[in-house]
Each structure stands twice: as structure tokens, then as C-alpha cells.
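Okay, so chain A shows up in both of these, paired with chain B first and chain C after.
Now for the complex of A and B:
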């Protein structure tokens, strides 16, 4: 900038304070801005006035601090010596007229809200568990004693006290496993403790069984020989399938392990059952946080593999059933179906039933869908239909269907405890969403990766196992953890269908005369627990993303 | 597809026949097709097992479920029960419903309630989500932190707890109706019985005005398109929005006057002896009654005297006629008192026994009611001037609140919780959408000399919306599905009504099929919308 220019533009920005520019920036830039600032000033002014009558000291302090902040900015601007505080205030809170007014308003609202919460939850609150009956309660204070008084119901529901040691044992088991996993995954120990980590992983795989034994128990019974042989056969078949697809290498150690695993574990199971140490607990007795955790973790554990299968099915590129096979079968089935139409037509009572008499048309429509939409690929067709059907209805209808409709569709004389039914319905629901999350990851893998693995001569299973899934699953970690959090939070919906989970148990708590109507305290406590759980999961997911270098590639 | 599967071997002739056949059979494609056929057979067998189980159980558990009127067992009679009397009342209805209506009607009420929550919810969620998404990016540290905590708090706690909290902790702890809160002096009241809000009431002339509104909208579109074409042809810039809006409001305003001048459906029934011939006469009569010189003097008179002299008017509950009349009476400054009756005949009885001097309703009702009076000829039906839409404000009358529309506590709680919860989801989507626009786009727009408004309208919004709308539609769909949680606090949505019906009639399967169908229709509508939008905004790639 030459001297000449400096002389002709004395009001250039950065050369001291220019009140005209300042006003234009803050107030008179446009008529919209003027109106906004004036409106804000009026609202803030009247609010400050109202608050001053209610809480004089606090309001005065807030306003004084606000003025002090503005003065400090003005002073630092005049003397060109911004301090750390005044710079931060200028950049973050008192940026402009409108922002300064907004800050004052919001601070006052916050102060009165925090004051209200503080008064309710501490100053006027009663913490004594023995004084929860209505006559001890203060007018506008919490009665926190209910949380301690009802702790057993909140945590385990109707579980008999003689069984609570099993819950503690389960909790201890999980905590110890976590502790060991944490220690062995330290970078310094990771290599040295390889064997320990493998054993630990084995225990993690077995942990559902351990927890089942602890929380559900095993009944006594005769040694089931056919079941054992079937188990060995199934495990062997899986091993053979994976080996023939060249996904796992063949080794004598692993095949012996596969064959021995089932009989060994079953024998241990049978011994535990016959020792009578872990008698069965009626799952309908589960309740409180225990039931919530059981439902949420079972759903998470079951929905993930099911969702993966569904996602792979939906994206499968199996050679479709050819049209010359679909249409003859469909037409034959339709013709066979039409033999019932005359009778239906004859007995129909109204237009809807007349139209319904032509039901075999649906078969043709399905054939058309398979042919055109899915190119004859029945696997993709069934996967897609299942996912879309489940996703279009609310969770609560599925839960209810699990409970109410199960007796209609199961065999005679079969009665299944409610928690299992709910878990099945919820798993179906969750797996459909999980499938969509995983499918997103599969689609995000560039086509080149698929083509490269084909070019390298990988077969379908190898391609998925070694190339696609490791990349795809890493991409969708945030989405999958989001689904886990959703499963944890939405497990509260089972309270609507009559289960006494963490949220549902408060029905029985607030109907107890000693704790009558103490809803808010319980809701606040539950919200805190749910918040903590979800927050921990999401921060763990963020940590995992950083560890895996997501977003860096 | 018709191509024959090729053998994997390059030289099939060199191989023995059995190897070649084996090659055909073990071809991946043949195996795939065979596998799919086995799969289909398994699916059909599974469905058959479940179906036969169901048929057995239907005979055993729910034989009554499929019994027709004539006593035969037939699956086609599954929905016959829906025509019988439901026998339960529904608290929150948009259409008239009594407990003698059939189950179909109740179901219809439930579906309408679900749609009501869903539509209001989607509108309010859009507003809140947008505001919060922008607040997350605010340069005011406090605002952005508050928005962040709002989002975190809402997203990390279950929706159901939020619903319970708002219902039991906020709505039901509000004051009783007689000392309802009136925030900031606005015409709205918050009480334990719900939220009383101002509402629009349509008189019978509204249909004419709405026709004019449609015309105005067409005019707006025409102006918009024509000016756009001229802009393209001549390059002459024009303010399309402003011109279009002027055209719109001209026609809408014209329609307002025409419809109020043309229509003559609102009436007031008075006795001939009262000497009232038009509304303006009321002032004279009031002055005679009170002996005042001017209506303004009434304010200085004792209250009881004015109350005694006030006109007693009969009206039908929640009718637009009443709002239309009282608006004009307040303008005239004439004191009046309204008595409200559920049905016209009760109001007529009251009028006939001279509990009130006038009866306001639409002219057709009045004509019918006049003929039931003892001497119809001694009564007159006066015309009351009407406007198409009347703004009805809630106000206190004694211990009660009248006027406006009342949102029931269950509805308010459900709507509030859904909006707060899904608002937080949408806020994150909006924030991501705005952040997705690269800095260069904004800088380029400024470099081209676009104004801030043009930059937002032409550069930022079209690109942000492309990112925001698809997941936004997903949020709307989730919201529509989660209205089913209303059952937890007793809001009679479709699911809750069906649940009651199930408990009463024992027909579980039938109702589930119905519920699923309605929800599937809703999600189908949403996915059609989504696909249409995706098709429309698809980037044209080379």
C-alpha cells in the first residue's frame, strides 16, 4: 500500500476504530438487521427486568459481568492490547450487537434453569430412603430416597434374593474379562501375550454360554447322545464348508479341536446341570436393569451376524433362476390356483371378496417381481423383501406380535417365556436395520476391489472374507455402533408390551404406597443411566475409528 | 440368461462323457439355480408349517375369530366383527365418534390421529431441526454448546423416557384449568388439561374464498413462469417472487371481499318483539336498557348492572357462527353473554323458554329450528355479515377456557417429545448438509459478486438440500412410525385403538394385518417421495 492510497482512504479497516463502519456492521447493515437487533433488545430488556424482580442478586451479577466483558473489549480495542480473555469473549460471545444481547438472554435463561434444577434436586430434596412416603415430601423437591429404597427392583426386578449372587458373579466375570482384555491390548504387551489373548478371545466366545448358565440356569436331564452327535456333525460340516471354500487352512490340530469341542463343552454343561448348583431361573422373573441388559446384549449379539447374512443376501450376485424356469412354474401354479376361483366367486358377499377371489394373480405378480426386479435372483429377492417389510413397521408392533402371535404360530402346548419372544421379535427388527448399515459399507467399497480380487482368482467366499468385509465393516463402524446404541435405548419399548425392564419396573415402584407417584426421580435416574451407557458406546466407537485410521484413507 | 452353461474345460472333446456331464452339473450357475430352488422349497415348507400350525391353533384357540353371522367357520368372515358396535369412547377425535359406532369407525379415528401427530410432528421437527442445526454452527459459543448438549441429551436417552418425562413431569404438573398459565400474555393457555391455542374457524363462505386462493396460486405460478421466460428471452432481470406474491395477494384479497359479500348463510334468530332488525340496532337497544348516552359510558357503570343488561345469546358449541358474531359484537362494543349447547334443539329449547334473547347459528339450522317453535311467524332470522375465516382466540370465562382449539395433554406430550427427539436427529443432518458444502463454493459465489441472499438461495441451499433431504425423509418416516409410542401415555392413535379393539374382540391377527398394512402404506408413500426426489436431484454425470 502506497502512502498516497493511505492518505485517500483514511477510514480503511484496521486503522483504529471507525464508528460508522461499526454501526453498519452491527445495526444499520440492512433493515432486517436493525429490526432483529431492536427486537432482541426489547425481549432481552423485558426478560432482564422480569428476572430482576425474581432473583435480584443473581441477575445483577450476570448483568454486571456482561457489562464488564463489553467494557474489557472496548478498553482492549482502544489501547490495542487485547488480553486472552477479552479476545476470547470478542470472538465467541460478544461478537456483535445481536450476539451480545443473545448471550445475555441465554445466560439468564440458563441461570434460572440451573437454579430451578438445583433447588429441586438438592436444596429442597430429601435423600433419606426411610422418608419417601407422601407425608415427608417437600412441595417442590425431589425425594431421592426411592432410588435406594427400590434398588433391588430397579436392578434385578422380581429375581429371588437367593439368586442375586449369580448376577454378581456374572457381573464380576464380565468385569474381569474386560480388565484382562484391556491389559492384554496395551501396545507394550500386545505381542508378548499373544497366547493369553487367544485364550481370552475363546472366553469371550463362550461368555454368552457362561452368562446363560449364570442367569438362566440349567435343568437336570439325561445325557443327550443324539444331540451331541448332531452338534459334532454340524460343527464338522461348517469346518468342511469353510475349508472347501479355502477360507480356513487345513490342520490336524484344528480338526481335532472342532470334533472334540462340542462333546467336551456339552459334558461340562451336563455336569453343571446335574450338580444342581445353577438351578433354572424363570426368565419371567427377570426385571430392571438386568432384563434391559439381557435383551439389549442378546439383540446386539444376534442381530449382527443375521444382519450380515441379510446384507450379503440382498447384494448377492448368484446366477438367477432363468425366465424359462420361472414362468412355466408360475403359470402352472396360477392356473391351479384359479380352480378355486369359481367357488369363491359364487360364495362372495361383496365387491372386496369378489376381487379377492382372483387371488392367484398375486403369484404372477411375484413371478414378475422375481424376473424383472431381481433378475431371477431369489436370494436377493427374499433378503430385500424381508428387510423392507420389517423396516416399514414400528418396533412395537413386532414386539407385540412376538408376544401375542407366538401361541398362534407355534406348535401345540409350547409356551415360551416372554423375554425370549421379545428377543426374537427385536432381533428380527434390529437385523434389518443392521443389514442396511452393512450394505452401505459394501456399496462404499470401490468396484476395483471386487474386480481385483476376481482377477487374483479369489472365489466368492475368499473375496468376502479377505478383501471386502474387512474394509466394509471398518467403514460402517459408526453406523453399527449407532445401531447398538439404538438397540440399547429402544429396549425400553418392551415395557409397553408388559415386561418389567428398567423402564417398565417403575410401574410397580410408583404403585407401592411408600413411593407413590415418585415418577420424576426415577425417570431422571433412568435417563442418566441410559445416557451414560449410550455415551460410553459412542465415545468407544469414536476411539475405535481413530485407532483404525478411519477417514484418513 | 438363455445361454447354456459352458463347461469349464477348454477342450471338452478330450474328456470322457461322464467328466463333461459332471462339469455341467458342478457349474457355478447350475449349482446356484439349484440352490435357489432348494431355498424356495425350504421357504415354502417353513411357511406351510407355520400356516398349518396357525390353522390348528385357529380352530383350537380362536374358533370364534372366524365365525360368520350364520354360524359357519370361514376365513372370509375374519373382518365381519369390525362392523359391530365398538362400545368404547375415544378421548381425542377429529371426526365425530361415539361408542355406538362400529369398529371400522374407531379404526378410522385412530388412523386420523396417527396422521395428525405425524403431520404436525414433521412440520415442527423440520423447524426445530433446522434452527438447531444452524445453532450448532453459530459463532456464538454459548448457543453452539447449548445446541450440542441438546442434541447429545436427546439422542442418548430413550424416546419413551422423554415421552413419560414430558407427560408426567411437565404437562401433568402444570396448573389446573382455572389458573392456567398464559405465557407472555399471548392468547394461549397451558394447563393440566392441555394446551389452548388460537385456531382458525371456517364459516360456510370459506369454500368460495378457498376457490379464490386456488386461483391466486395458479396466478402466482403463471406470473412466475411468464416472468422467467421473459428473463430467459430478454435477459431483463425481474423480481419474480415479489410480482408473483403481489398477484397472489390481489386475487386472495379480492376473493375475501367477494366471498363475504356474496355469502349470506349466517343468521341470528330473534323475536319480532325485540325490535332488532339488523345488528346495528343492538347498540340503540343497549343504550335504552342501561340509560347511558354512549356505549363507552358502560365502562363507568357498575359491573352487575352491565351484566344484567348484556344480551343473552344461545349458540352451538364450537361453531364458527358464534366466533363470527362475537367478533362483530366486540367491535360494536356491545356487552353480551354466550350460552353454549351441544345440540341445536337444546339451544332452541333454551331460546323458547326465553333464557336467551337470540340464537346464533347458520341460517339452515335456524330455519329448521324456527319451524319447531310455537309461533314461527313471530320470530325473525336476521342476516349476520360473515368473513370466510374467523380467528378464534381462547379466553377465560369463569373457571373455564373457551374459544380456540385445545390440544389434549396426551397429544401435546407425544407431539412435544417426538419433535424434541427427532429435532435433534434432524439437527445433525442439517449440520452435516451445511458442512458438506466446500469452502470454495462460498468463496466462488462471493467472488462472482452474488449478494448474501443470492449466495444462500442459489449456491448453498440447493447443494445442502441435496445432502439433507434423503436422510431427512428417513427421519420423517421414523417419526411417523414412532407415533405408535403414544399408547404408553394413552394417546388414541391407530395402534392404541387397535389394541383396545383386540382386547375387546380377541381378533389379534386381523388387526395386526390392518396395522401393518397402514404402516406399510405410510412408508411406501415416504419411499415414493424419496425416490422421486432422488431421481429429480440426481447429478448429471458424464
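Now for the complex of A and C:
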């Protein structure tokens, strides 16, 4: 095949430098190219000139280095002795005329930006917390004192200082837990510390309770005997159900543990409450970073399992309620519902209320949906409807609805603190999106995985737990962590409904006469905190992906 | 290398399929299939693509639901009762064309997951038996690798070990060698031969003629959702009864 090779190999690769080719490549190749390069040269030139007036030394150094680089490339080309540096420069920064000019331009922009930040944040800045009033501020420097001065507001909002130690304790608890988790999950120790890891996991399960006691507190009260007995009955019923479905095996140890657990935990809870050490804190006093973290972590912890349940519900194929059952029940319910219509009609004041008194037709519409759209699968129907409803409403609307409508549901005289409402609203919102992400993961699992599990005799819940979910969740880690990061950052939306989270607290800080107008300093600080949090989460997710990705090798 | 076989069955006919019909929507994939198999028999099913071979053996462990007729496996009738289905699936093992190993688990975990959670054995017992079967299929050294790190032939042998560790009495093979490169087919067929000789009841969909001639007790030829011919291997290949069979044999033997 020699002819082919001759055809495809260009002949004119000499060792000498070809000026003609060089100019054609860089300048005179086309009309557009010439104009672009000339324009770039003019812009860069004038920018360099402007910067030279402003920062003579820095600009001179940058330009000198740039020229040096070009010269070193020319020299190495002429003598055919490229050094590592000149080769790197040629490949990355000074590839062509246009690129060389752009390099100079961009480097100068960066240098002056860094210089500006440096001047503002350090050289001209005032770090004294006592000197934040306008008369102390320099025109083009930061007044960092506000961060220290307003630290209480920034971190915990209007929480009374006497409770601060509880926040510190909570923080210490979480940090220590993290530290231990980190140590015990080292590959070298993983097997040896099996028991310690189990204990630690138990503590993690308890940690929401611990944090609740620390941050919200327990009120004193009489020992609730009825509640205790109900709790035992409920737990026993769950145990019996799981056992009859063969999800858990029967053993005396586990049943005694189940029955005793509730009274034991309740008694501990009651004692802590009556010790008076952890009196209730009004959640409406939470603010700043504390509130942001409480909202974000509650949403993350609650939305994930809820989203999983929703995703499984939407895909479920069980409970095909037959039409002969749906319609009689629906018609009966509708007829019963219509018995209220005459009364409603009599008391209605306008057309809308008149129409609304025929509400039972909605029951028929729902029955039609369940029958036709979902083939009688009520579980999938409920799951799908919930997800689609939530996803078609903006988050803000949900938050407003939660706060405005809660009083109608909570009954006379009971007012639920806003943070709880916001957490519920946000959790519903987040779980709908989480559910869709998880559903995507479930759909990516090949049919063969389900068939192999069936053929091996796994029941439905085992199949999900051991085979399908571990694979599906691994696929959706990036999407789920995206949701987590979203929950962390978008929790700042709660300032719209009147909460003073980390971002919202800004308003009250800058309205203090001593810190009037010091927005930029606060925003920079917040950006750093938000960035750190999000960055930690996403790098943890990447680590997790690698760890769980073992099977894909 | 002789190993113990499956546990004893106390029925005369371990598989009874009577007039089995199966529809996919409007399309009738099985049109009245009858088959009776004695314990320890080895049956090979042949037939053109789309004739319903896979559908039939997938009905035998309820991966597909039949709509008419009866299927009785080891004395248990397959019905809507979920407990019957679970019980049958414990006795019937299936090996798929695409292996269907669980990619997120190691070979050993793949094999022991069902014995521990379905048969409720202890981990030690399950692992012991798993290693025994891995040794028998010839790859004990791969126990701690992930499926993605094995060759196709090795993966299929892991899939067999996974099925066999559950101690089934009946084995269903759906073209276990057709996703494999030629040089790997032999290692899988060797295992299948070994199993056939140690007393398992086997129904295999496979076009491997050597295997069929050597170990099959009967060959069943299906076409368009029906059993067209049932014969001994010798007669099936040398003087088939039906015209349709001859046509089919001509086609596959030309290659």
C-alpha cells in the first residue's frame, strides 16, 4: 500500500522555518483572521496602556514576561532546541498570534482583579470590630469588624445567649460522631471495629433526637401513660406485620427489645424533660447559620426516605383494585357526599360557593383516574399524583401555603412555629424531585436483574433491598447530592416568608446603625460558607461514587 | 470428579405441564404445550426463533404467567398463590443467556445472598457450599472478584454455581452458551454435562448438538407455540418423524 502512504503524507515538512506558512497560519490565512488579530491587538494594546498608568510595575512585569516567553519560543524554533518551558508555553499560552494576545489580555485582567481584591480585603481593610461605624470606614476597603460584631446574629439569630452552650454541645456531638465515623471506616480498621461501628450507627440513628432535645428542648409535664401503651401496641403491631410477611425472623430477644424500647426511650425522654436542663426554645428564635443548617439537614434527612417511598410507589405493580370494587365504593361515597349539598347550597353566598357545593363529583373523577389511568393501582395513583402536583407548584408557593394555611388545620389557639412549617413544605417539595431522580435510577436497572432475583426466590422487599435499590441508588448519587446541595442553598428562600436564615439575617444586620450598609462584607462571608458547604458535599459524593463503584470495574 | 447430586424427589413425574396456553396481549405464544418429565431426566428443547421455547421454560418457574392449563412442579401446582410460587422457585434453578449476575456484589456474595436470605442458612454454611460449587465449576480462585472482572464463560459458571448453591432439584437452562465466544462454550458445556450425569432434572434450550446427543434423554422440537416432535436424540437427528423437523435440521446443519 505504498501509493496510499505517499498520498496521505504531506511532502513539504522541511526542518527550516517557513515564514510564508507561518504568516498564513496566524495572520493572513483569511480575511476574518486578519481583522480579528488586528482588533485584538488594538484592544489589548489600549488595555495594557490603561493598566500601565494604573499599576506601572505589575503591568511592566507581566508584559516583560510575555515578551520573554515569545522570544524564548522564537529562539528555540530557530535553533531546533525546544526546552520543556518553551514547549509548554507554545502549546498552552502562545499557540498563535491571536492566542498570544488573548493570553496577555486575560493575564492582565486576572492580575488586576486579584490586586483589587487584595487591596479591598486586606490593604485598605479595617479589622477592628469596634470601628465599624461609617466614620471609621475607608472608601475602598472592607470593614471586616462587622463579621465579629454581628457573629451572634449570623450564627444563631435571636437565640438567647443563655442557650448558646446547647448549640455548641450539638455541634461538638456531630463533630465527634463524624470523627469516629471517619476513623472506624478506615479500610484497615473496618473489620476489627465492627461492634464499634454498630454502636456508632445506633448513635447516628439517635442523633436527630439528641439534636432536637438540645436545640428545641422538652417541656416538663406529667408522665403520659396512655401514650406509652399506645406506642408499645403500635410497635408490637409493626413487629407482627413484619414477622408475618417474613421480613424479620422471630426471636425472643428481638420481640422483648421491641416491646421494651418505647417505654424505655419515653421514660428517658420524660426524665430529661423534667430535669429542667433543656427547657424549650422557641423555634421562631432560631436564625442565621443555625436555622439554615436545621432546615437543610432536616429536609435532607426526611426527603430522601420519603422520595424513595414515592418512587417505589409510583413504580409499584401491586394492589390492582378491580373496577367492580372501585365504582360501587365511589358511587356510594358520592351519593353520601351529595347529602351535604342542599345545606351548602342554602348557605352559599356567591356563584363560586354554589358550584363548590357540588364537590362530590370530584370523587367520581378520582375513581375514573384510578380505574382508567392507573388500572386500579391505588398506590401508584397516589404516588404519581403527589409527585406531579408538587412538581407543578413553585417552592415559594408551597412555603407560603404552608405558613398561611397551617392555622386552618392546627385548630384553635395552637400556633405551629414557622420553621416546622417550612421544613414540612420544603421536604414535600424536595421529596418529589428526589422521587423522580430515584425512579430514573430504578428504570436503568436491566430486566434481567429482576428476573434473576425472582428465579432465586427472593420476595419483593428482599429483591428491592439487596438487588435493585443498591444499584439504582448508586446511579442516582450525583442527582441526589445535587438535591442536597440545592436544599442547603435554596433554603435561603425561607427569608421570603419571614424567617431570618443565614442570608435573611443580613437585613437585620445592615439595618443596625453601627453596621449600616455593610452588605458586601457579609455577602462575601456568606459566599465562602455556602461554597465550603456545597464543595464538601460534592467532593464527598465523588468519593462515595468511587467507593460504591467497586463492582463496575 | 463426582459430586453428590440433587436431593431425592418423591413424585413420579417431577414436571407436569398440561395444555399450557400463554398469550402476550393478542398474540398466542404457547398453544397447548404438554410435557411430563421424570426425576433425573434431561430434556433438550429445540426450535426456530420465536417458537416459544423461552416462554415455555419461563412459565415453569413463573417468570411468565400461563393463562390456561396446569403446571405442577415437584407436586406443587403453580397458581396465583404467591407461597406456591416461592416454594417452586426454591426447587427450580434457572440459568440465563445473559448470566444476570448482580454487578454490585462479589462472586461469593452473588452466590450466598439467596441461600442466606431465602433459605435462611448461616453465612458460614452458605459460604462453605458456595466454595464447593465454585470448585466444581472450576473457578474457586475468583470468589472475591466482581462479575465485571470475569470472562463471559467464568460469569456463566458463577451463575451456575449461584443457582446450584440453592440446592434445586430442577434446572432450567435458557441458551446458556449463546452469548459466549466459541472457546468459552466448552467450559460451560462441561459443567452442564457433569450436572446432567449427577441426577438433576434438566430442561435445556440449547442448539449445541453435541450436548444434546450425548446427555439428552429426549429432544423436544417446538414450532409456533406447540411441541411438534418428541424423540430420542439418535432418532431425532438421524430420522426425524415430521417434515417441519427435517426442514429445521436442514437449516441448522447447513452451517
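Note that in this section the second predicted complex is superposed on the first by the 457 of 553 C-alpha atoms of A that agree within 3 Å, B and C clash if a C-alpha of one lies under 4 Å from a C-alpha of the other, contacts with A are read in each partner's own complex, and residues count from 1 in each chain.
Please note the rule applied: a contact is a pair of C-beta atoms (placed from the backbone, for glycine too) under 8 Å apart; a residue touches a chain by one contact, two chains touch by 3 or more.
Model, not experiment: these values are computed from the prediction.
Student: Examine A:449 and indicate which partner it touches, taking first as chain B and second as chain C; both and neither are also allowed.
Tutor: second
Student: Which holds for A:374: it touches chain B only (first), chain C only (second), both, or neither?
Tutor: Touch status of A:374: no partner.
Student: Which of the two partners, first being chain B and second being chain C, lies in contact with A:144: first, second, both, or neither?
Tutor: Neither partner.
Student: With both structures placed on chain A, which of the two partners, chain B or chain C, ends up touching more residues of chain A?
Tutor: Looking at chain A, the partner in contact with more of its residues is B.
Student: Pick one for A:489: touches chain B only (first), chain C only (second), both, or neither.
Tutor: Once the two structures are laid over each other on A, A:489 reaches chain B alone.
Student: Would you sort A:515 into first (chain B), second (chain C), both or neither based on which partner it touches?
Tutor: Neither partner.
Student: After the superposition on A, what does A:526 contact: first (chain B), second (chain C), both or neither?
Tutor: First partner only, chain B.
Student: After the superposition on A, what does A:470 contact: first (chain B), second (chain C), both or neither?
Tutor: Second partner only, chain C.
Student: Per the contact definition in the header, classify A:408: touching chain B only (first), chain C only (second), both, or neither.
Tutor: After superposing on A, A:408 lies in contact with chain B but is clear of chain C.
Student: Please identify the positions on chain A that touch both chain B and chain C, taking each partner from its own complex.
Tutor: On chain A, the chain B and chain C contacts do not overlap at all.
Student: Given the complex with chain C, which residues does chain A contribute to the contact?
Tutor: Its residues touching chain C are 249, 446, 448-449, 451-452, 454-459, 462, 466-467, 470-471, 474, 548, 550-553.
Student: Okay, in this complex, where on chain B does chain A touch?
Tutor: Residues in contact with chain A: 1-2, 28-29, 32-33, 35-37, 39-40, 43, 50, 53-54, 56-58, 60-62, 76, 139-143, 146, 152-153, 155-161, 164-165, 168-169, 481-482, 484-485, 487-488, 495, 502, 508-509, 512, 515-516, 519-520, 522-524.
Student: So in the complex, which bits of chain A are touching chain B?
Tutor: Per the stated touch rule, the residues are 91-93, 95, 99, 102-103, 106-107, 110, 318-325, 347-349, 353, 356, 375-379, 382, 389, 391-394, 396-397, 400-401, 404-405, 407-412, 485, 489-490, 492-493, 495-496, 503, 519-520, 523, 526-527, 530-531, 534-535, 538.
Student: For chain C, which residues are in contact with chain A within the complex?
Tutor: Within the complex, chain C contacts chain A at residues 61-63, 86, 89-90, 92-94, 96, 98, 100-106, 113-114, 117-118, 120, 146-149, 162-163, 166.
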